[in-house]
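Input: structures, listed below.
Common to both upcoming complexes is chain A, partnered first by chain B, then by chain C.
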Partner chain A sequence: MNLKFYINEIITFFRVSYFYKLNFWSFILQNILMFALFFVFFKWTGRIGTLNSSEIITYYLLLMAFFQSLIPAVDTGFFSKIRSGGLDGILTLPINLNYYFISMHLEVLIFKFLLNSIIFIFVGFSLKNYIIINFHTIPFFLIAFSISIILYFELRLFFTQFAFFIEREGALASWSYFITMFFSGGILPIMIFPTLFKKIIYVSPFPYLIDYPISIYLGTQTFDLKRLLIPLSYIIILTVVNKVFSEKGLKVYMGYGG
Partner chain B sequence: MVVNTIKALINISIEKDKVYIKDTLLLLLFDIVNLLIQILFFKIIFMHFNIIKGFSFNEVIFIVITAQIIEILYNSFFMGGFSSMSSWVAMGKFDYFLLLPQHRELIMNLYEMNMKNLIEIIFPLLLLVKYNPFKYFWDIPLYIVFILLGLFVRYSFGYFIASLAVIYTRIDTLQMIENMLFSYSIFPYVIYKQIAKWIFVVIIPLGLVANIPFAYFNSHSLYLIFLAMIISSVYLILGKLIYIKFLKKYQSAGG
Partner chain C sequence: MIQVNNLFRKYKDFEALKDINFHINRNESVALLGLNGSGKSTLIKIMTGILYPTKGDIKVLGFTPYKRKRKFLKEITLINPQKSRLIYDVSPMYNFKLFGSAYGLSSQKINERVLNLAKMLNIESKLNNQVRTLSFGERVKVETIAGLLHEPKIVFLDEPFVGLDFISRRELTIFFKSVKQNSQVFMTSHIFQGIDIFTDRILLLHNSKLHEDITMTIFKQEIKNKMTLIAHTKYGMSLEAPFIKRSLNEYFIVIEKEKIKDLVNKIEIKEGIEKIEIRIPELEDIIETKIK
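Let's look at the complex of A and B:
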């Protein structure tokens, strides 16, 4: 019964998104324009460090097609739900609060992935001279990509649950988004960073969101089970922390709704 | 009377920031980090080169600083009002502005000013001391004029996008793209060629904003200045036309 509820939620939100046509088309345009901007810039710069133009352009193609959506921003809607008392209505439902918010966001993610897959296949074909196709790394890439999706939800839940303890989300939203984006390779590939800096960043969970899966695809890093232990450990730790956070948060939560 | 209203709006903005002082300070700190990261972006790229196709690190940083100053001015005065347009139309608050006897659009644009952002202008200005291409004293007032022209380009495009809320109600994603794209107005204009020039200079004038002062001090290019004035005027007129034409069709959602 729960699964049916979550699927219905996804379908409803999808319909709402489609209803606002300009917003819907903006979703489509968003990443194409960003990719075009990076494409013209890196076509102009040429090779940077160990990465040639094709590798950089393929990096940004994959980034804009899938990984741009995996930068764990704070769910600002959760903050406004808490402030307006909207959480009361959800708490009375026989569902898990965290799953509920994941399902609400999952619709956006599925929507973006499906849409971007179609669009960026066309973009890839039209720029086939610049795009690297590595069939043999795809299975490993898919494993790293799946881990990055789980890590994304864990980090997003972690940042969002601060809503129980702080009043305003502005600073937290900006900091969490920007730090994650920079250290995960959402602005520049970590591969071109200085070596020491690169090693330090790779101990944190962030590069496993973007830089690691794309490096696996490009073949600039090999798929290593030992290295996978780092993101998997973070997933386990964050699952426990999020559970504790959620329980503690609900204890301090006070409904302001009418 | 309108001056008093604007003064009151400034006071409200300051008081809001005082209430959430911790958040305000963290946001200020964040914007400094944001500027540093933009510089770091080019620092990492320039670690592998001394000059990229004729452009030095200092020249590129001058564009970054200029872009930052223009964004700070835009965010302080106009961004809040433009971003709220969607919710004003959806929730019916737009009606309040329509009932105003005069200076309706001016008050609407400045309604959500964010004065805290103005403090941030100190940091790019400090960097400007090191990374400026000024040779003569009159270069400074000239730079201010070009900054204002860049702001005019940014404002007119933002105004046009915000005006679409009257027709489409939800324009938040479009505004998100707009803000995201303009945060990359830090790239030198020479990267935009052929179709990219049409997209990122003419249709979305992000290639103009910070490049107007840069192009002038770099090559005294008057072409970009004229282009900036024409494109800004077109977007202002389009925005105004949308207001006039679609206000007749606007239906209030307010109670």
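Let's look at the complex of A and C:
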């Protein structure tokens, strides 16, 4: 593996992200405003389902952190890159396509993490009287969060690669995003839904992206290694499927234009 | 060096390449010519491993391109200014460092290569500007340098002259002539001017098929005793074969020098001829004659 190239790639894209820092700051501002809205709303409504207002506010604060960190490079233009033949330049380089996208993903994560952590700590500290601080669950939360980052990357790559096979990808792109967000708890916490619904959803990979790590942090679910086998299995399955998918996809890749 | 046998490529209902066969020897530089949509880009993309063929065999430097072996990709390059792989928000120098590292080149080697190539292309002063701020011609030069950093054995050029002004085109033509000293050049183009300077052979694609395969020496011999006669007619008046219609009121023919006088006498008496031009045939005239 040509490690130097992937490190250089991370550094280069880091510079590009820095160049578009205005976009980045507006994205953060948008999320903070969203969180402020949720904060006011849940402070006012109080308990929802099994969650009290502190748990809900903590949930949405962590969700804000997730949104900042999870949205990876494969979401931003990889779909259209396939459709418009934008892979041509990458395919003629002596590099591994998967590592290329992973390093792009890592760059986004590192960049967002560096800027976000300051904001996140600041917001968290300002709201310390309204949120739940569980120091003892943080290590388990971080393990679950790390798994969710890898799982999210594999899931998005899976949906994105449909662009190799279908003409109009826009609807699929937005639907797959909506499904991922809804069933992962990106809109409403899965833990507030009826038990049967929760049980069914928890067989899918989605809740392990957001709902599960936050539940671990809040203490509404206990950290269970057996349970982690589910997202880990999905990661292994999706890695294999994505590899086959990209091989098959490249066979039918059109390289339109030029 | 490059061996193509019974090659087909289908895009859904459209056959972009039909039964293509040719063999290119080591150090033979080739121009793949043809009109828009003739299949040139599809063929060059198959040769560089971007696309899979639907049927047939292809070997480049002994490798099967679509298997995309790292060793193969290190031996070739594809320069396609229409689909830039440059990162626009950083400088050319930053791009070179990134692409150079993909080939395992050291920073020192990259710097040496860049300075040498940039000097030849007269772009040294722009190496630290943001790519986005460069003109199209300058970006093509930067793209060219990025593609040549690793000193590839075969340089594939996909339409390198599209959108360039005549000065940039001339500069690049002379540059590619020097590239030919160390690498084999395989180029697609629908702009025919100047390509004879650095190519040894022409492959002409038309309607997805290989229409003509001719060496530049034979080609030059073929046109040695010929001239192009262009007749401008009044609106609505047409000339019969063997004249070829170029536009609404412009017809042309490439014929032997000794037959020019008779032909001019014959058409001059016709009403409706406004102007007759006679000139040395250009590659464009010959290609148009061959495909029409």
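Methods note: the second predicted complex is superposed on the first by the 240 of 258 C-alpha atoms of A that agree within 3 Å, B and C clash if a C-alpha of one lies under 4 Å from a C-alpha of the other, contacts with A are read in each partner's own complex, and residues count from 1 in each chain.
Convention: a residue touches a chain if its C-beta (ideal position, glycine included) is under 8 Å from a C-beta of that chain, and two chains touch if they have at least 3 such contacts.
What you see is a predicted model, and the numbers here were worked out from it, not measured in a lab.
Chemist: Classify the contacts of A:Arg168 with the two partner chains as first (chain B alone), second (chain C alone), both, or neither.
Modeler: Touch status of A:Arg168: first partner only.
Chemist: With both complexes overlaid on chain A, does A:Phe178 touch chain B (first), chain C (second), both or neither?
Modeler: Only chain B is touched by A:Phe178; chain C is not.
Chemist: Looking at A:Asn129 after the superposition, I want to know if it touches chain B, chain C, both of them or none. Which is it: first, second, both, neither?
Modeler: neither
Chemist: Contacts for A:Arg15 in the overlay, against chain B (first) and chain C (second): which applies, first, second, both or neither?
Modeler: After superposition on chain A, A:Arg15 lies in contact with chain C alone.
Chemist: Does the superposition put A:Ile90 against chain B (first), chain C (second), both, or neither?
Modeler: In the superposition, A:Ile90 touches chain C alone.
Chemist: Applying the document's definition of touch, where does A:Phe5 land relative to chain B and chain C: first, second, both, or neither?
Modeler: Only chain C is touched by A:Phe5; chain B is not.
Chemist: Under the stated touch criterion, which partner chain does A:Tyr253 make contact with: chain B (first), chain C (second), both, or neither?
Modeler: The answer is second: A:Tyr253 touches chain C but not chain B.
Chemist: Return first, second, both or neither, reflecting whether A:Leu33 touches chain B, chain C, both chains, or no partner chain.
Modeler: First partner only, chain B.
Chemist: Can you list the residues of chain A that touch chain B in one structure and chain C in the other?
Modeler: Overlap of chain B and chain C footprints on chain A: residues 20.
Chemist: Across the complex, what residues on chain B touch chain A?
Modeler: Listed in rising order, the residues are 20, 22-23, 26-27, 30, 33-34, 37, 41, 44-45, 47-49, 52-53, 164, 168-174, 176-177, 180-181, 184, 187, 190-193, 196, 199-200, 204.
Chemist: Taking the touch rule as given, give the residues of chain A at its contact with chain C in the complex, in rising order.
Modeler: Touch residues, chain A against chain C: 2, 4-5, 8-9, 12-13, 15-16, 19-20, 85-95, 250-255, 257-258.
Chemist: Going by the contact rule at the top, pick out the chain A residues touching chain B in the complex.
Modeler: 20-23, 26-27, 29-30, 33-34, 36-37, 40-41, 43-45, 48-49, 167-168, 170-172, 174-175, 178, 182, 187-188, 192-194
Chemist: Enumerate the contact residues on chain C facing chain A in the complex.
Modeler: Spelled out, the residues of chain C in touch with chain A are 11, 41-42, 45, 48-52, 68, 70, 73-74, 76-78, 80, 82-85, 87, 89-90, 94-95, 97-99, 101-104, 158-159.
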